[in-house]
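See the structures that follow.
The two complexes that follow have chain A in common; it is paired with chain B in the first and with chain C in the second.
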Partner chain A sequence: MRRQSDDAITWQLLVTIITRWCLVLLVVPAWADEGIFDQYRDLMGDDNPAIFVIDEGEEFWYQSQGARGATLEACDLGLGAGVTRGAYAQLPRYFADTDRVMDIETRLMYCMETLQGRDRAVIATKPYSVRGDFGTELEALVTWLAAESEGATIAPEQVHPKERAMYALGEEIFFYRAGPHDFSCATCHEQSNKRIRLQQLPNLTDHTEATDAYGSWPAYRMSEGLVRTMGWRLQDCFRQQRWPELTFGSEVGVALQTYMAVNAAGGIMTAPGLKR
Partner chain B sequence: MAGRIKIRAQKKGELIEVKALMRHPMETGMRKDQAGEPIPAHFITEVAVLHGDQAVMQAHWGAAVSANPFLGVRFQGGEAGDVVRVVWTDNQGGTGEGETTIR
Partner chain C sequence: MKTTLCTMALVMWIGIAPGVVSEELASVIQASFSDKGQATLLRLEQDPLQQHCSQPRGQPADKPTAMTLRQQRLDAVVFPTDGDFLGDWRRGAAVAASGRGLQFNDDPSIANGGNCYACHQLAPSEVAYGTLGPSLTDYGLRGQSDAMLRYTWTKLWDTHAFNLCSHMPRFGAQKILDEQQLKDVMAFLLDPNSSVNQPAE
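Up next is the complex of A and B:
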C-alpha cells in the first residue's frame, strides 16, 4: 500500500512536471531563434563576412580569363553590356541572344562561355563550394552582383511569353508532390508562421515573406562559414525533399527562381544577408 | 584569400572601439573532407591590436574560434586620426594585417 501511494505521488509529480514543461514549450515564441539572430545581426552591424566575398566577386569580374583572355565587362545581364548596378534585381528574364529565360547563374555561365571562351562543363562540375572551401568564382560573382542590387526593387520582367511560361512552370513545380516523402516545395513554403525545429519557414506564396526570403539571398551562412546563393539554396531544398539532384543551370532551377522573384516583385533587395 | 582584415575604430567618449573582421578558415584539424582525408589544422594562433606602435591587446587563439573571426576591443588613450592596426599569425606561418584611422 505504502509503495503504491509513493508511486502515485511520483506519477503525479511527473505529470505535473511534464505539464509545466509543455506549458513552457508553448509559451516559447515560434521565432525564438529569430530573436537571437536579430540580436546577433545587430551586434554584427554591417560586419557581414560576405563583404570579403563581394570584393572577390568584383575582382573576378575584371579578371581576364579563358581561351580568349577576356574579362566579363562586356557581359549583358539584361540592362545592357557591362551594366551591373541593379541587374540582379531584374532577373530572371528573357534574353533574345539565347532565346531563353535565364537567372543570374545561367547568364554568368553564358558570358564565361561566349566572352571568355571557357568550358561550361568545367564550371558546372563545381558551381558551389563545399564546407571548408573559401567559395567558388561563381558564388563570388553572384554575391558581388547581388550587392550591386542592394536596395533595388525586385522587378523580374513578365512580358515575353517565355517569361510567363517560366513562371507557370515554376508554380507547377512548386506545388508538385514527388519523391519518397511525397514532398512539394509547398509542403514547407505555402503557409505562414510555420517552422521546422526552430527554423522559420517563409511562405513563398505571400509577397512580403517571398521578398524577405528571395531578397536576402545570397547570404553568409554562419553554420557553413560560406556565402550561399539562391541556386545553392534550391539544390539543398531538393536534397531535403529527397528529390533527384537539381542539375545546375537547369530550367527547373530558373523556373523556381522566376516563381519566387515574381512573387517578391516590388519588394526590396537586401542581400547579401546574414543567416544561421 | 587569407590575410584580409576589415577594421574600424571609433572614438566613443573616453574609449576607442575597435571592430575587426578577419578572413580565415580556422580549420581545427579534426575535420575530414569529402574524400575522407583529414583537413590540416589551419587557425590563427596570435592576434594583436596596435595603437601606433603600442600593443593594446594581445591574444592567443586556438582552433575553437570560428571561421572568419570577428573581434571587438575597447581601449583608452586614443585620439581621432591615430592609426590602429590588427595583425595576426596562424599555425602555418601565414600573417594578416589591417589598418585604419580612428574616427
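Up next is the complex of A and C:
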C-alpha cells in the first residue's frame, strides 16, 4: 500500500508541523488557556498530527494478524464486508450477526476475534494508550475509519427496536446522577455557553453542539500528544465524575455514543479533530 | 369483563413498569463499570436524592416528593460544633483551587479539594474560572450576619437544602470536605481581607 512518494510527502508534512510547533512555543505565553490552543489551531491550518495515526490505522487494516493470519478486509462495519468509506458515520447500529447494537470499537473487536482469531481479553486489557505512550492499534484503526467518514453525514439508524432501546438507555444514563459528587453527564453537558475553568463545554442535548462534539472525535489532543477516541473521552469523563472505571466495550459506552450520535444525526463528520 | 381485564393489565403494567426499567438500568450500569482505586461500584447506587434528580430537564417534577426531600436535606445539615463559622481564608483559597480528590487516580491519603474554580469565579486575580455556577467575586459584601453565615454554610454543606437538584456537590453531607476545610472556604468567601473581596492586583 505504501509508496515512496507518500513517504516523501509525509516527511515534508512532519517538518512543516514541527516548524509550526516551534513557532507556537515561541509566540504563546507560558500559562495555558484556550487562547494558546486557538493560536495553535490557526497556525496549523488544515494540518493535524493525526494524519500519521490515520496512515498507521490503514496499515493495520490490511495487516495479517492473529491465529488465522487474516486481515480485517472482510470486516462488515454495517455497509457490507470491507466497506470503510462512510461506515463510521452510520454507527452505532444493530448487527444481526451478534444481535447487538455496536459502536466502532466493539465492532472492530468483534472482527478481530472472528476474522483474525485474536483474543479479546488481550486487546481489552489496554485499548487506549496512556500519556507518554505511542497510540494503540485500536486507536489507529478508529482514527483511520473516522477519517474515511470525514465529510459524511452522521446517520446512525434508529429502526431496529434494539437501536431505539439503546438510545433510550443512553438518555437515561446521561441524566443518571451518582457518586460522591452527584455528577451525571448532564451536570456539564446539558447547558450551552458554559465552561469548566477555561474549557468550553458542549451541550450534548443540542443538535448543533452535539454535532461539533461527536463529529470531531477521534481527535489529536495537543496536551497529551496523542489521538484519543470517543470511547476514551467517555472513560475519562467518568473518571472526573468520580465514578468507577467504564469497561471498554460496555453497554453504557455504546448507549452514550448512540445518544450522542442520534442527537448529532444530520450533521457532518469532521474528525479527526484537533483539541486542547 | 374484557375491558376490566385490559384495565387491570394496564394498571399493573404502569404500576410495575418504572421499577422494572430502573432495575434494568441499574444492572446495565453495574455491569458496565469496574472497581478502580477508591472508586468502587458502590458509588453507582443512587440515594433517594440522586434518584429524584436524575430526571431529564423539562419532565414534570413530583412536587410533594421534591418538597419532602428538600426539607429532609435541610434538617440533616450539621453546623460547626463550636459555633464558629469562619476559618482561615488563605487555607480556604487553597481548597477552592484544588481539583484533587475522590477520582480513581487520586491518592486517598491526600486531602480533597473543593474545586470551586471549576464552576465559579472567586478571586478576580484568577482568570481560569468556570461558569457552571454564578460568580462569587465580592461575596463578602453580603456581610456576616448570623443568617448569612448559616445560609452560606448550608449551601456548602448540602446545596439541595435550598435548591433541590442543583448541580453543585454536597461538600459537607457527602464528606468531600471536612469541617475545618468548610470553615476555611467560608472565610475565603466572607472575610473582607480575602482575595475574593479584594480587587485584582
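Here is the rule we go by: the second predicted complex is superposed on the first by the 237 of 276 C-alpha atoms of A that agree within 3 Å, B and C clash if a C-alpha of one lies under 4 Å from a C-alpha of the other, contacts with A are read in each partner's own complex, and residues count from 1 in each chain.
We adopt the following convention: contacts are C-beta pairs under 8 Å (C-beta built on N, C-alpha and C of every residue); 3 or more make two chains touch, one makes a residue touch a chain.
All values derive from a computational prediction rather than experimental measurement.
Student: Identify whether chain B and chain C fit side by side or clash on chain A in the overlaid structures.
Tutor: Overlaying the two complexes on chain A (C-alpha atoms) leaves chain C and chain B fitting together cleanly.
Student: Scan A:R120 for contacts with chain B and chain C and give back first, second, both or neither.
Tutor: Touch partners of A:R120: none, neither chain B nor chain C.
Student: Between chain B (first) and chain C (second), which does A:R68 come into contact with in this model arrangement: first, second, both, or neither?
Tutor: neither
Student: Touching A:E245, do we find chain B (first), chain C (second), both, or neither?
Tutor: second
Student: Please indicate which partner A:V130 is in contact with in the superposed arrangement: first for chain B, second for chain C, both, or neither.
Tutor: first
Student: If you count the residues of chain A that each partner touches, which comes out higher, chain B or chain C?
Tutor: For chain A, the partner with the higher number of touched residues is C.
Student: Of the two partner chains, chain B (first) and chain C (second), which one does A:R85 touch, if any: first, second, both, or neither?
Tutor: Neither partner.
Student: Touch test for A:Y176: chain B only (first), chain C only (second), both, or neither?
Tutor: The second partner, chain C, only.
Student: So if I take every C-alpha atom in chain B and every one in chain C after superposing, what is the smallest distance between them in Å?
Tutor: It is 11 Å, taken between the nearest C-alpha atoms.
Student: For chain A, what residues appear in both contact lists, the one with chain B and the one with chain C?
Tutor: none
Student: For a test of understanding, state which residues of chain B touch chain A in their complex under the given definition.
Tutor: Within the complex, chain B contacts chain A at residues 1, 4, 6, 19, 21, 23, 25, 27, 31, 33-34, 39, 66-68, 70.
Student: Residue numbers of chain A touching chain C in their complex, please.
Tutor: So the residues of chain A in touch with chain C come to 33, 169, 171-184, 186-188, 190-191, 193-199, 201, 205, 238-240, 242-247, 250-253, 255.
Student: In the complex formed with chain B, which residues of chain A make contact?
Tutor: 44-45, 47, 49, 51-52, 55-56, 130, 132, 134, 222, 225
Student: Give every residue of chain C touching chain A within the complex, in rising order.
Tutor: Against chain A, the touching part of chain C is residues 21, 25, 28-29, 31-36, 39-41, 43-46, 49-50, 53-57, 102-105, 117-119, 127-132, 167, 169-170, 174-176.
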